[in-house]
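In order of appearance the chains are A, B and C, and numbering begins at 1 in each one.
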Amino acid sequence: MKKKVLAMFLATTMVLSLTACGSSEKTPATEAENAATEATTEAGGETTQASADAVTINFSFDQGVGEPTQKIVDEFNDSQDEVHVNCVILPQDAGAVHDDFVNKLASEDTSVDVMALDVTYVAEFGAADWLLDLGDYFDSTTTDQYLAGTIEGATYDGKLVAFPWFTNASALFYRSDVLDELGVTEVPTTYEEWEALAEKAKGVNGVEYLASFQAAQSESMVCDWVEYLWNHGGEVLNEDGTPNINSEANIKGTQKMVDWVNDYAPEGVTTYTETESEQVFLAGKSLLIRDWSGFWSSANAEGSDVAGKVGVTTLPVGEGGAEGHSCLGGLDLVVNKYIDDAHKDAAIKFIKYLTSYDTEKEMTLIAAQPPVLKAVYEDADILKEIPFYADFYNVIQGGKSRPLSPSYSKLSDAIQRNVHEALTGEVTVEDALNALQAEAESLQ
Amino acid sequence: MAMNKKKGKVSLEKAESRAAWIMMAPAIVVLCVIAVYPILRTFWLSIHEMVLTDPASGYPFVGVKNYIQIFQDKRAIASIIFTLKFTVCTVAFELFIGFGAALIMNNAFKGRGLVRAAILVPWAIPTSVSALMWKFIYNDQYGMFNDILYRLHIIDSYKAWLSTSGGSFMALVVTDVWKTAPFMALLILAGLQMVPDELYESAKIDGANVFQRFFSITLPIVKGTVLVALLFRTLDAFRVFDLVSVMTGGANGTESISLYAYNNLMKFLDFGYGSALAVMIFVVVFIISMIYMHFMGDKLDEM
Amino acid sequence: MNQKNLKVFRKILFYFVTIAFVVVLLLPFIWQFLTSVKPLNEIAAIPAKWIPSKINIQYYFNVFQKHPFGKYLLNSLIVAASTTVLSILIGASAAYALARLRFKGKKIMLMAILSISMFPTIATLSPLYLLLKKAHLLNTYGGLIIPYITFALPMAIWLLTNFFSQLPKGFEEAASIDGCSRAGIFFRIMLPLIKPATFSVGLLVFINAWNEYIYALTFMTNDNMRTVPVGIALFPSNYELPWGDMAAASVVVTVPLILLVLIFQKKIVAGLTTGGIKE
């Protein structure tokens, strides 16, 4: 008797748990019917839309460019009925996006077809052999129309494993009202010229610091640091790819960064990524900020205390440097190698659309992301909307990429730790770069 | 007669044992189905060389090589030491504060309900939000932490708390204690609720003071609950990841062992070594649990 | 007279300590709340500004208008509530066996259950993804509920085992003499006795499930199935860190939990005096 009751109790719990799961599964299914765009994400490979013969592909990208991208995808879906694109949006965090893609690709998952991948990870994904070779779909007359640096960055081991979508370059934003007040007519071009303004600018229109930038232990700091090196004539790697980190020029460049952390920036700059550094500038506390080109719109947006008082110029040059080089970023489009041919063709069709003249132009206008198609920089509408793009083309042409290597994540991690220690004064610049050199050599 | 009685007892025990397994069956099924595969797979990966960016290697079997590497890896050792320090500090403060809060809430007073709800607020804010929020709070320009200390004249200028190793450690401990002391408080309160009031009354009559009552009545009864709560807090604190990752990113000597394992697994795509680190965490935590089990000793036998 | 003064003094001291404690504890949340009603340019004002110059409730509208936040809340509620109920049922049943029934291998069983909580979450992520994919559970509530139960069970079982074992011995015998079956004993006598503890454990399980991020991000890729923490993480874009929206959202998700506690207040704290163990 007892046993029976117990067994019944057990059965009830089981049934309860089953029904709880069973009924809940129905909900997404009905959701799916409502949202006609739904594709079963687990089996993207087999699913096509019931209504038409369209192939449904899943496009995964981050919320950083979420809204404008969604708009462009909608336009694509409306423009034709062969391919239907479903958006899988991830948080705006390059690390989280990377991890999500790794998880899926490492398990040969086909739930995503096209991914927007940060340029620094292309070599890594290429080395892991997860990406479709796009070389067969894009010939050199096509690729020649795009910025050479971005095509180079999309190539791994001689294969075009990605296609550039948009790029990103840094620039120096400054308070034009303060320069006017100080009677400065020529915008400074060297670190020293800016330093000379530091004392004078203090107290003018609320300015307290010369500079705000990104020096927290993070990927953003790596971008800032390589710029200091380049602009002092340094390089991270030799032509042959071997590390050359503790060179004269690199020591000089790193020392300049340390000086700016110590003497010209808020005390907390070694904890700043983009957000925190921007808040200092937006509150009117710093004369200049090194940031990505897209900051132009936030600087002039609602909530900014400095709207209309912002100028933009190239990064400063230091001793031994020839010109101010920006660090290039941006997103590439990659195709999952494991999907079937029908999906591959659909994916290529979609990528061609995204990188076409009209779409690149629209994306530039609505998302303020620098395009990769050269011709767009000469477009009259673009120049009317974003006047500084006339000069910006040269900034991007003079821009450089971080080292392209499958083990970039490890190199970047070593840079972050060692350089950050130098910035916080835990170790001397020389010691930090020597240690970094040794670590980089061990990665070879 | 005697024989019969013994036989009856044996079959009773058998029945009881069978009932026990039936009652545990749902739990065992769920745990086996979901948890066993990930754990076995991690073990398996940890004895292979598997760097995803190097598929040409064929991912060979390497035995304990990855484990030996841990002991030669200064960074791994440093992260284990940091994590131990962090665990000891946070758990100690949480115990102290949680116990205090539970004792307060166990009293009958006006507004007790509100206090009980309020104390859960820190625990209830999603970690992804609260870590960001605290980063904001420690900011050197507009952070609330600076503002309060400055107004109270404890500091004479705003500080960049997260830029030094001492400051970062302090900030992480404060945030974690703030977030998880409620966990401790709620459980200890539940333990206190199990103490019958009569025990206090009779002790009062016997003339025992507050401290005597605490040590002779309260503590023995809540000891089991406190140890279990401590055990789970320790396991969680030792695996700290989100908090460190958002607030410092491991800068200034605050890389936790979970963060380091994560870096190897997901950032460097070194699944072999990263899995070995994960197993290492498992082993350390297992040892800690054994120590707790030892303290629970008799308590556990009663269970 | 003196005695009375002392009593009053102690009462004041008690309230003072309690209030101070609660204020310190709530300070970050109060700050968060104030942030959620500040005008945009005062959120990151330097130096920090406590009291907004005017109340701005725009962020609360943003939360629901710019994002399907109501849907996120519903998903979180379904997932967290199912996880809690099932974990408690499965956990209490196992805990009862571990605490009150005689069988061999208890210690090993307890340790084996505990060891589930010993792995770093990140190492379980990709194998679980594979597993759920094979079971076609990605983008379903079950795909979150089942892993959540798994990782809630060790804590639930250990705590409940501890509470069951504190009940006086010989309870079941008395009950079974009264003609109660074992299931009857469990449901009608033992479970009600540890009700306050069950509610506390349930609350912890609920909040853990409510706040979980990384599984929810990985296993629910469809926007309709997202939970609150992931939803909030999707707020920031390249153009803005909508701190006001995020503050408002975190207030919105915290309030239901507070209400929940207030509603179940009596149950959480209903002491043993009402439980009937008094002898």
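Just so it is clear, a residue touches a chain if its C-beta (ideal position, glycine included) is under 8 Å from a C-beta of that chain, and two chains touch if they have at least 3 such contacts.
Source: prediction; values computed, not measured.
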Taking each chain's C-alpha mean as its centre, the one farthest from subunit C: A
Inter-chain pair with the most contacting C-beta pairs: B-C
Chain centre separation in whole Å, for subunit C relative to subunit A (CA means): 36
Interchain centroid distance [CA atoms averaged], subunit B/subunit C, Å: 15
Residue numbers of subunit A (touch at least two other chains): 2, 6, 13, 17, 106, 279-280, 283, 285
Where subunit C touches two or more other chains at once, by residue number: 44-46, 89-90, 93, 146, 182, 186, 233
Multi-partner residues of subunit B (at least 2 other chains): 19, 23, 26, 141-142, 158, 266
Interface residues, subunit C side, partner subunit B - complex: 14-15, 17-18, 21-22, 25-29, 31-32, 44-48, 50, 89-91, 93-94, 96-99, 101-104, 106-107, 109-111, 113-124, 127-128, 131, 146-147, 149-151, 153, 155, 157-159, 161-163, 165-166, 182, 186, 196-197, 200-201, 203-204, 207, 210-211, 213, 228-229, 232-233, 243, 246-247, 249-250, 253-254, 257-258, 261-262, 265, 268-273, 277-278
Contact footprint of subunit B on subunit A as seen in their complex: 2-3, 6-7, 10, 13-14, 17, 95, 98-99, 102, 106, 124, 127-129, 216-218, 266-271, 276, 279-280, 283, 285, 406-407, 409-410, 413, 420, 424
Footprint of subunit A on subunit B - complex, ascending: 15, 18-19, 22-23, 25-26, 52-55, 139-142, 158-160, 162-164, 248-252, 263, 266-269
Touching residues on subunit B, where the partner in the complex is subunit C: 13, 16-17, 19-21, 23-24, 26-28, 30-31, 33-35, 37-39, 41-42, 100-101, 104, 107, 109, 113-130, 132-134, 136-137, 141-144, 146-148, 158, 178, 183, 186-187, 189-191, 193-198, 221, 224-225, 228-229, 231-232, 235, 239, 241-242, 258, 261-262, 265-266, 274-275, 278, 281-282, 285-286, 289, 293, 299-300, 302-303
Subunit C residues within the subunit A interface of the complex: 40-41, 43-46, 78, 82, 85-86, 89-90, 93, 125-126, 129-130, 133, 136-142, 145-146, 181-184, 186-187, 217-218, 221-225, 230, 233-241
